[in-house]
Structures are given as C-alpha cells and as structure tokens.
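Look for subunit A in each of the two complexes below; its partner is subunit B in the first and subunit C in the second.
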Partner chain A sequence: MAEESILTDEFLRQLIDVGEADVLVGVPTYNNAATVGQVVQTIRAGLLKYFPRERAVIVNADGGSRDETSNLVRGASINDLQHSTDLNALRTLHSISAEYAGGPATGTALRTILASAELLRVSACAVVSPESTTIEPEWIERLLRPVYQGNADFVTPLYRRHKFDGLLMSNLVYPMTRAFYGKRVREPYASEFSFSGPLAGHFLTQEIWVNEVGHTGTEIALTISAITGGFRMVQSFLGVKPRLDARSADLIDAMRQTVGALFWSLEPNFSLWSSKGDSQPVPTLGGEQEVTLEPLRVNRKRLLAMFRSGVAELEPVLKSILSAPTLAELQRIAALSEEEDFCYGDELWARTIYEFAASYHKAVISRDHIVQALAPLYRGRAFTFLVENRDASGEQVEQNIENFCLTCERLKPSLLELWNGKK
Partner chain B sequence: MPMSQDQLWYKDAIIYQVHVRTFFDTNADGIGDFRGLAQKLDYLQELGVNAIWLMPFFPSPLRDDGYDIAEYRSVHSSYGNLDDFKGFLQAAHERGIRVIVELVLNHTSDQHPWFQESRKSKDNPKRDWYVWSDTDTKYQGVRIIFVDTELSNWAWDPVSKEYYWHRFFSHQPDLNYDNPAVREEMWNVMKFWVELGVDGFRLDAVPYLVEREGTSCENLPETHAVLKELRAKLDLHYPGKMLLAEANQWPADLRAYFGEGDEFHMAFHFPLMPRMFMGLKLEDRKPITEILKQTPQIPGSCQWCLFLRNHDELTLEMVTDVERDYMYDQYARDKHMRINVGIRRRLAPLLDNDRRRIELMNGLLLSLPGTPIIYYGDEIGMGDNIYLGDRNGVRTPMQWEGGWNGGFSSADPESLYSPLMLNPVYGFQAVNVQSQKRFDHSLLSWMKRIIKVRKSTPVFGRGSIEFLYPANHRILAYVRQLDKESILVVNNLSSTAQAVELDLRQFKGNILIEMFGRNIFPRVGELPYLLTLGPYQFYWFRLRKI
Partner chain C sequence: MREMIVHELTQATQELVREFARFLPRLMVMLIVVLVGWVIAYLVKAVLRSFLRLIKFDKLSEGAGATQLLNKAALPSSTELVSRFAFWTAWLGFILVGVSALGILGMQEYVTRFFVFLPRLLVSLIFLFIGLLAASFFSRAALLWAVNTDMPSPRLLSSAARVLITVFTASAVFEELGLADSTMLFAFAIVLGAVMLGLAIAFGLGGQELAKRFLEARFSPEKKEGKEREDELSPL
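And then the complex of A and B:
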C-alpha cells in the first residue's frame, strides 16, 4: 500500500499555484487568531522590505483551527486582486493556509512546512511562531539572510529575555545539548529558526517522523539533526522574546518535548556524541544573548515544595533511575528545613541529568515516566537558580549559566561510564 | 489593395515604425531614402503591417536625430525630395498601407528660420514665436527631461541677450503656443502634409506646449486647448485622419489627451511597456494587470498604442524607484545600456535572444487592447550596439541580407550613416531578412503568421478585455470580446511549465479553438478549465458555441 501523503490535495493545489519560490516563511498554527494576524503582517513587511525581488511565500500549516487563523494568514497575500498600494510590492506574495491531517501536532506542522519548502525548491526557509507578538520585520531578514546568501544551513535565534525566562532552556536543554553534541547553540529548542533547501531535504529523510519526537519535540530534534549532519550553523540575534504564561501543568509537556527528545537523540547518535570533546562556539550575528532584569514575581516556595514532595513520593522510581549517592544527596537537601540552606548545585544537577539519560537509554522503567520523574527535580534546581541569581546582574547570570555548562562538559565522561555500565 | 474607408481604421492597424534613413539606400550615399523605402513596401505588405509611422524626415541639423526640425514643409536632402516622398506615399497606399508622419510641435531646431528671426532682436516680428525671458528663474521647479545633458530648461542666447525656454536639448527652443500666429502656422504645416495624402500624425512631446508659472508646465489645460483646436480643424476639413499623442505620462494624466473623443485618437501607453518586461522577468502577471487596472476608460473612438521597443530608450520614468532599480539590474547591468532614465536596447537583446520570450512578448503586444507598433528590425530579431552614442545603438541599418552592407546600401561601409551590426550573434550575416524568408520557422515567418492571425478578427483591435485571475500568478489570462465573438488568451510568463485552472463558467458549453493550429480543445464545463503551458507558451483560443 502506498504511503499516505502528508500534504492534503487542497494544500498541494495551493502549492502548485505558488510554484517555485526563493524564500518561505512557515507559521505552524492552531487557534492562534489572537496573535497570528499581527505576526503574518510583520512577516509580510519583512519580506517586502528585505526580499522585495525574491519569490516569497508564507505557508501556514494549521492543525484544524476553529477560529479566524487561516483567514488572517491568507489576508497577508499580495496579488493583483488583493494588495495594499503603499507596500510598493514588485511581485505577488502568496500567503497560503491549509489544514494538515491528524489533528494539531507541532511535528506534523513542521513536517508540512519542510515538505512545502522542498516542493517549492526554496533556497531559504524560516519558521516563525504565531505567538511571537514582539516580532519585527528585521527578524525575517536575520533568519533568512544568512541562509539565502549561502553562509549558513541552519540559523537558530538569540533573544533578549528576562533573566528568569526560559529556565528549562538555561538549566538543562542548552547545557546538555552543548555537552552532548559540542555546539554552543543557545536556543536548541526554538520557535523561530531557519534552514536551507538542502537541509530541509535532509530533515525530511530523518527517522524522527516515525517516532514520538516527530510529533512533539521536533524543534530540538531538527537542531540536533543539523548538528549531527555537519551543517553550517549560525545564531542570529532577533530581539525581545515575549514571555509566555508558564503554567505548571505545561512543564511535563515541555520536558517531554525537550528532554525527551534530547534523550531520545542520544541513541541513534551515540558514536557522534560519545566522541565529542569540548564544545565549540557557533558564530553569532547581530549580538549576543541578552537578559533583562526588571522585577518579576516567582513563587519559589511552591517550587521547593514540589521538589520535596516529588523526591518523597517518587522514591521508588528515583531509586531505579539514580545512583544511590545521588539519590541520597537529593534526599538530604530535600530534608533541609531552612530554605536558605537549600542548594541544588551544578555538579549534583549535572550528575542527576546524566543518570536520567543513562536510565532512559537502558529503559529501566517506561521512558516517559523517566522524563516525567525529572520534572520535580528540575523544580528544585530552578529554585536554587532563582535564589542564587536573585540580585545578579545580566553578566553574572550568563556567567553562572556558562559555569554550569562547563560542569556538564567536565562530567560528560561519567555518562559514558553509565551508558555502558550495568546500572 | 484598397484601403479601408472606415474612419476608425487605426483601431485595426498594425503599425511599423521606421526611420527612412535606416531602411534602404538607393543612391549609394550610405543613408536610407524614400525611394529605398518605397522599394521595400512589398516586404512590409508581406509582413502584414498596414500602417507605417515615419520618424521625422524634415530638413534638420540632425543634432537630435531629426527631432530638431529646421523646415516643416520639405524633406531632408539625404532622404530624397518631396516628389520622392509623394512617390512613396502613393506606393504605400496602393498596397493598403497608411502613412503616419511625425511632427514635433513643441520646439524647432535653433537653426529654423523662425528662431533665427526671433533671436535677431527683441522687437522682431517672430520674437514671440518662442518663449523668451530676461531671467532664468521663471517656471522654477519644472523638471529637466534630459538630465544627462541639460542643467536648466533655460538657455542664454548671446545674440539677443535673453534666455529662451527649452524642455529638451538647448538647441531645441520651445515654440510659444500662447501666440495665435504659431498655432495657425502649425495647423498650416499639418494641412500641407494632409493635402499630400498622409493618413495621420504622430505628434511628439505634446504635454509641454504651454508654460504657466507655478505649474509643472506639463499637461496644462491651455495645452489641451491647443490640441483640441488642431483636432477640430482636422476633423472639419480632413475626416478620417488620425492623431497619435506622444505623452510619457501616467495613465490618469494620459486620459486627458483623449478628451471626450475630441483631442487625440490614439496615445502611447508608456507605463505598460516597462511592466511587460518586468512581469516577464518576475514571472508574475501583477505588474501588467495592475497598470491595466489603473488605466482609465477612454472614449469609444479612441485607442491605446502599444509597443515593446522604439527608437528611444526603454523609458523608466513611469515606474517606481523600486521597479526602476529592478529593471536596471535585470535588463541593463552594463552602464552602456543606460541613458537618461531608461535602457537603450532592442527587443531581442533585452530578452537574451530567447525566441520563446520574443514570441511571448509579441503575443502580448498583439493581443492586449490597443494598436500594436513594431519597431523596424525587431521582426527579425535585430540586435543593438550599446557602444554607439545617444540612442543610435538601436538605430542601425536594416539588415536585408548577408552580403555587402547587409543589403542596406552599396556605398562603402565606412560611409554608412551608422556602423552595421557585425557581431556573430546579431550581425547582418546571422540576422537578416533574406535568410529568414527562406525558413518557415524563422522569427520573421512566425511574425507574419501571428500578424495574420491577429488580423483575422477585429476583436483584438476593438474588443473589450476582462482579466481572469487564476491562482497561479505566473499565468496572465484574459478574454477579449467584441459583440458575440470571444477570444481567450492565456500566457505563461514563466520559464518553466505551468498548470493553471481557469474559471470559465461564464463560457460553459463553448469549445475552444486554438487560433494558430485551429485545433479543438475540450468543451468548457462547470469545473475549472485545466490547461498546461510550456515555458513562455501562450494560447489564443476562439470560443465557439457549437
């Protein structure tokens, strides 16, 4: 039986109308009417300003929105029936929207965008989040230009973030991706990134699409695929990243999408990461990662409470995952009565993650349970990070993150021992 | 072949633009002449054209290729004499070919006796035939047209010690149309040529006739009044004669030159031409449909004149800055290709000598609403010489054959008015009429066929246009309609094969008959009509309900 196409007939018909293109901006959506209109209008402005002569297209892969998302995307088209004269556009700009099969899934949306990029034979393709309301037209240039000019195959973003924004990224995903794969990609799980046509083709041939990471966690899987494939990478500073409401219920999903995908990637890429030494910087364009310092209310007490209850309630699970000394140390700090005394330090946290990674490899219990079990521990680490950096300057915060990264790299041999060991 | 007596003959015309100097030399002086042009009328008849636009052939110092006229009622001695012209005119009419002569109303040469008189003294009777001033500060802000050569619209006359007004070169003083004597004299000039039998006038540089302080001195109501006066006299005394306006303006400004059908019969659609080239390069119909949507309706007796190339540069005045930069980058990377605000190149080199693109552009020229003009030599794909000065690179001798001087003249090659094209691609040995006549698939033979198809129906010249907007923007599709006759035109502007679905429900039940091969295509139904087109391919379909 022939494999079912991921592109619907309706989508294919729209792609035929678009024809070969030079640059593509993909926007994965699901009920994003509140923000997507502003985002696609800014994308359009960016394309007109920075790529006025190129054949450009905006492709919206939608998970079945029941709101105005699709219409808002289509409204960004410029053609001889629908255009704004003040835009001074040389050529037609298609902004197409189609629903992909199977219900909302970021991975399917990204795969649809990748397939579109390959079918339209674009030179450069960017993906932009429909929720990035701080987007400026310049983002489009900063994402697409390095690829379009042939200077890079994969561009990841750098943002200006609050120092306590993206804690999972700074305390786990970035340091570990860097330690495993030897590339200092600051945003390996990015909602904005870009890639070349050949890399789109490479992505589409990867195994991720038949695995869970092909549905969730696809972004980090693509980053890792670009690294392991030896593609040229660049980081491009975009600007302010809007802070999304962080609900605790989202943490498990976030862990699955990032840590799950990261751990999963270690299996097929063992020969590569096991031989990687110190990490190498990735060229950056337009500035370095920036942090902002305005006051922010964070419920630290709750984090600590959830860590303590997690260590207690998940003891049987943690026993099967962690080494005895590590678990004992966690139980010791969980038992500390004074908040001020609590410290989930760099070395202990790095060792914890490595032991989780090795257990994931060995599948000592359900892999999903392993990922879930890391969540309360991460909360404890987050508590320590917040406390230690409460009064820190931007530079100090960055230095602390860098120190943790170096710790992860230094302790990486311990993962190799665990990987091949009995326990 | 008798000429049609229809007073709207210009709507069905296929006009061939030629300078007598460039076409054929019969007296071996290296310069084409009227006897030579008359000898080549059979060629033009065979090509299928039914009107000739003659560029200025009057006595002139030729500092602007004859647009600096020194005598309005005669023929430059290099091209023959008035009798030669009459002989040519009669021969053209005998072949059913009308003749349009070009008059420059706005200015004369500074060698014209009128100007020589005018500059003699401030109280000379001809003094106010031109625009004089004791200061060069009048009409401040009026744009300079030839920005490459002129710094001001005023020039100092050392003889009469005043400034004179000139919108073009400083050796071309503007006539003063506020003076009734000037208006009367120019009418007498027109009368002279109409009495000889010419069928119409292409009036050069008409927006600039009258000057007023505080204005752009272009398109002024007073200018339109002058033109309406000439038209009224022409209609009264010589019905059926045609006036064609050269006014390089935006469509909205051009509209006024048609008046209520009481000013010009035709006007060049300048903004469309660069956008046809732009649409082709962008592989996108948007520039073409947009400018045609902005084109206002014109009176029923009026007509647009369409052209791909002419004796001037491919003017880029009527485009935006973004579009101009794009056009320069795409069509004139070499600075030698640029002049003023435009590109001095012929059709074939502009299109990289790509036969498919040349055919497509001619297909557009002959199927969009208007009367098409073919620039001499473009029907065989002549090249240009961008290293000749001014716009002379697109005014080289017609290439008739591969022998001596390309068959243009028996004079010494060194004595020709212009060097012949010599390079291996566009030179006369590679591109000439004789060799192309021998092959059915030459560009010349193809041009004959498409002109014949165009002339097989009045729809193209007189019909309405309705654009279809298929989702595939590389496809430019429209329906031309006149009475009960409908023609569907589908053009692929892309260098690659394209599929397109056309909404033809309004023609449900019709069959499509391809007009070149007369083959039948499937009947139109409820569903979108699917067509596939090869690179730069176009179809003309007659819609028939049988």
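And then the complex of A and C:
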C-alpha cells in the first residue's frame, strides 16, 4: 500500500472523484509557468484526438510552485479546446492538479503519478515533461498506444536531436546502460515515457524509493527496473527534443541524476548485469533516432581547459579513484600542448568510467564526490567527440557512438575484475 | 644499654614484619588487580579491533585523512592505534586501582583525577576524529566545486577550508581537555583573525575578477546563462 503514504488527502480526494480510468498522462511540475500551459493543451488535444472513447485523466503532481503553474494547468480548459477545434471526447476527460508532500523532487512527483495510476487502475500511463515545448498531439498516441494495445510494458522515446546535443547521454549514459544491462535503450533517462498498469505496481514496490535515486535520477532508475524486471520494452520516435532547459544544463546535477543513479543501480542488480553478455536491440516504432546538423557555436577550448585544470587540480582525488596507469594516461594527454594532438579515446574513456563505477561501489571517498570528480574528465571526452565529429554526417556520428558502445561492451569484464578486487 | 638496643631492634624488626605482613595482602591484591586488568584490557583490545575491522574503520580513517597522517608519522593503522589506546587506557586504569589498594597517601586523589579525566579524553578524541573527517570532506567538496565552476586557485580554497576546520577542531579538543584554555583561546583568535585578514587582503587585491564573476552570477543570471549557453551544450 505504498500509494497510501505518498498521496496527500487532497490528491486522494480528487482521484476518488475520478473513479477509474483507462489512460493517464502525468505531468510533474515545479515552477513551470512559462511552458506548462502549452504542454497541457497539447496533451489534451492528443487524448481527445487519439483516445476519444477511453476514460482519460491528466494528473499534475506539483512540487509547490510559487508561480502560476497550478492555475495554468487547471486553466487549460477542455471547453476552450473544444470550441476552437473539432476535437470531441466521448467520455469525460478529467484533469487534476495537486501538490505532493515533501517539497519539490522529481522522484516524489513520479511516485505520486505511479500511485495515482495504480489507484485508478489505468491500462496505460505516460509521463510528459512540462518543459517539452516541442510536444505534438501525436506524442501522446506514440507513447500510450503500444502499452494500451498490450504490445509493450514500457515505452521510451527516440528524438530528433542535434548531433552535439545530449553528449552525456551519447557518451556515457546510453553506452553504459547498454553495456551493463544488455538492452539498447537509446534514452534511458527520458523526460517522456510510458508504462502499463502492472508495471506501475512493480515500480512502486522497488527499493529505489527509500534511496537517493527515489528523489533524483528516478527516471533512469525506472528504466533499469523495467529492464531488470524483464518487462517488454519498445522505443517510440516522438519528434524534436527541446534543447537546453535550465535544469539539465547544469552538468553536475545532470551527472548526479544519471551517472549517480546508474552507478547506484549496479549494487542491487549485480547478479543480473554481471551475467549479461552482448546487448540486444529494443524494437522501435516510427523510425530510428534522428540527427540534425545545423551549425552550432561551441566553446571547445573552454572544455579542454577545464579538463586540463581538473586533471591537475584533482590529482589527489583522482588517485583514490583511478588506477595508476589510467591516471598516468590522463595526465599525459592533459599535458599535450597542441589541441590537435589531444584525444580522449574510446578505450581510455570506457576504462575511466568503469574505474569510477568500481570506486563508487567500494565508496573509496564520498560517492557524491566520485560523481562530481567525473565531470572534468567528461569535458575532455566531450572535446574529443566534438573535434572528431566536427564535419561528420548524421550516420557517421551514429556509427561513432555505436563503436564506443561496442568498446564498452568489450571492456565490461574489466569492471567485474575491479568490482571484487582490492583496487 | 645493650638490652635496650636489642629490645629496640627487636621491636623495630617486629614492627617492620608486622607492617610487611599488613602490606603483603595489599600487594597481592594490587598484583591480582593488575593481572586481571591486563586480561580484561587485552580482551577489550581484541573485541574493539574486531569491531573496528567489521565497520571498516580504516576506510573511514582514510577518508578523514587520518591514515595519511599516521603513515607520515610511521605509526600503525587507525584500527591498531585505537585498539592499543583502549588497551593502555583500560590497563592503566586497573594499575591505578591496584596502586590505590596499596593505601599510599595521596595516591587516591591521582586515581580519582584520572577517572574524571578519562571521559573528557575520550570525548576530545571523538571531536578530533570527527573534525578531521569534516575537514577532509569539506576541503574536497570545496576543491570539486571550485574545479567544476572554473574558479581560480581551487587548491588554495580547499586548503583554506581544511585549515579553518582543523583549527576550529583543535581549539574544541584543547578546550575539552582543559589544557591551557586561555592560551588556546588567544591562539585560536589570532590564527582566525590572521586567516580572515589574509583572505580579505587576498580577495581585495587578487580576487577582483572572482568577485566580479560571483556578483555577475548572483545578480545578473541572464548574462551568466547566456554565456553558459554559448559555452556548454545540454548534457542530456
């Protein structure tokens, strides 16, 4: 009865008014007045257009916004939409909004949405980011339909992205999740995803809620939970991924939410990932990940300078995390005077991540400090990726990412050696 | 005269024998207390050593930076050191109890003072360990923050954090031990004042750029955000 403790009285009252539902779209918010109105309108349009016969509900779990977020969600009225378009619902489309307890935390918001889905006994539930300004009504169908028709338990998105957008995702989170858990889920940390009613129940029983990942990095923890639980997964192409939001632009926060949660997951799932071999593809709907190539202004020199200063200044910290040969190699490339000679290659980067993962497991220093110490090294890797793919086509970029993924899979046994070893 | 001397000698000898006879049981008691104390202290040491190994105390100590200090001083590991300390403290306590059983005048007072001092010693050792742990943690946190926000002189900032916390810890430890209270208070005030003055001068003269960036970030977020957007790609 996990939902009883997480849902506030106000939430419960509104959910009881709804009764039961077939599909649910959850929108976790906190001070998103600038974008949430448009997003909720599009969700409504998507539900009315593609699920007119189903009992649908939009659940807004708010972290105590001090702007107009909650009012905007409530104000995005179905009547306005019906008058302005030819969309009609044959069943009532409910929209509820309430504040969850405990202050703003994505994990708590997601848990509230999961508990709501379980309580309303929905068949399919989608989560949509309030910052996804590029959302179209079709996203709702592409997320919910595979689950609602019973073809999948968990749907992750595929996006059209700039080739240099989401470098942490393409250079660490995706390859490592794939290498660890053997599933080629391109967006393991997704701001949009969907799941079935039974999977919502499964998520609620997981131990993530009593750990840090239950507050931050919950998205990737849920993806990993779906993989390790053996649920049927599908990737669905949505469209353009909105670029740069204030939250994800902070590298350290982004690393805590993704790398921290990924490293954490290795502990409880050791028996699973240690026995996994090569990775398997995940079925995709509506096309593969797409890459755009428009010119972008990136300060590469700053990335390299921060890598160099990081390697030099953090030497005592890195000594306790990395093996002597890896650290020596990093110091060697950091000392190269010519930018053209600098290369933080696939093998060295994969080795670095595995050594960080093993040190995280052994907690050689504070685990949060281990994740933070990886940030300057990631900047060096990002520099190499930017230089190597400066003139590359979309296919070449994808091929380079694939090559790195294969390197990670090939070197995975080295993590197993480190895991139980002294160093 | 002769008889008197013999009598006095006999009496003195008898007195001595009586005194020795009175003292002998006390000596025996003392030896037994010391021996039993040694056994108990040894057991305490063994149990404590096992417990510390179980909770991976050496790892904690390494994190606190205490292991590096011990290595530099060619001392054994933290677990070993704490176990030995417990052994000697416990045994010394028993020795003092044993000695007090001898009934030597004035000894009782020292024994009482030792037992009154013992809890303070333990508390100050706990202060010291927590202080070292905090100094290590916060200096590393400062170093990582400074590196990841591209601040100048990250190690200086980290060292400043370590020194401040260590000085504060030392003053708390000495105060708890009751050693040279006023001297330590003055020393602490002087060191803290010197550090603050040094920082003020350093920031005033050399930190104009840093202060400018800090104020920009604090009061002009649009400017900062714009700059970051040009420099940094969205990681996710």
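Heads up, the rule we're going with is that the second predicted complex is superposed on the first by the 403 of 423 C-alpha atoms of A that agree within 3 Å, B and C clash if a C-alpha of one lies under 4 Å from a C-alpha of the other, contacts with A are read in each partner's own complex, and residues count from 1 in each chain.
To be clear about the criterion, contacts are C-beta pairs under 8 Å (C-beta built on N, C-alpha and C of every residue); 3 or more make two chains touch, one makes a residue touch a chain.
Just so we're clear, the structure is a prediction, and the values are computed from it rather than from any experiment.
In the superposition on chain A, A:L285 contacts neither subunit B nor subunit C. Looking at the superposed arrangement, the partner reaching more residues of subunit A, out of subunit B and subunit C, is C.
By the touch criterion stated above, A:T92 is placed in contact with subunit B alone, subunit C being left untouched.
Contact with neither subunit B nor subunit C is seen for A:A105 once the two complexes are overlaid on the shared chain. Touch criterion not met for A:L406: it reaches neither subunit B nor subunit C.
In the superposition on chain A, no contact is made by A:A45 with either subunit B or subunit C.
Residues of subunit A that touch subunit C in their complex: 164-169, 173, 189, 243-246, 248-249, 251-252, 254-255, 257-258, 296-299, 302, 306, 309-310, 313-314, 317, 363-366, 369, 372-373, 375-376, 378, 382.
Partner subunit A is touched in their complex by these residues of subunit B: 278, 282-287, 289-290, 293, 320, 322-323, 326, 467, 469-474, 494, 496, 498-499. Contact residues of subunit C toward subunit A in the complex are 59, 63, 137, 140-141, 143-148, 150, 154-155, 225, 228-236. The residues of subunit A lying in touch with subunit B in their complex are 13-14, 16-17, 19-20, 52-53, 55, 78-81, 83, 88-92, 94.
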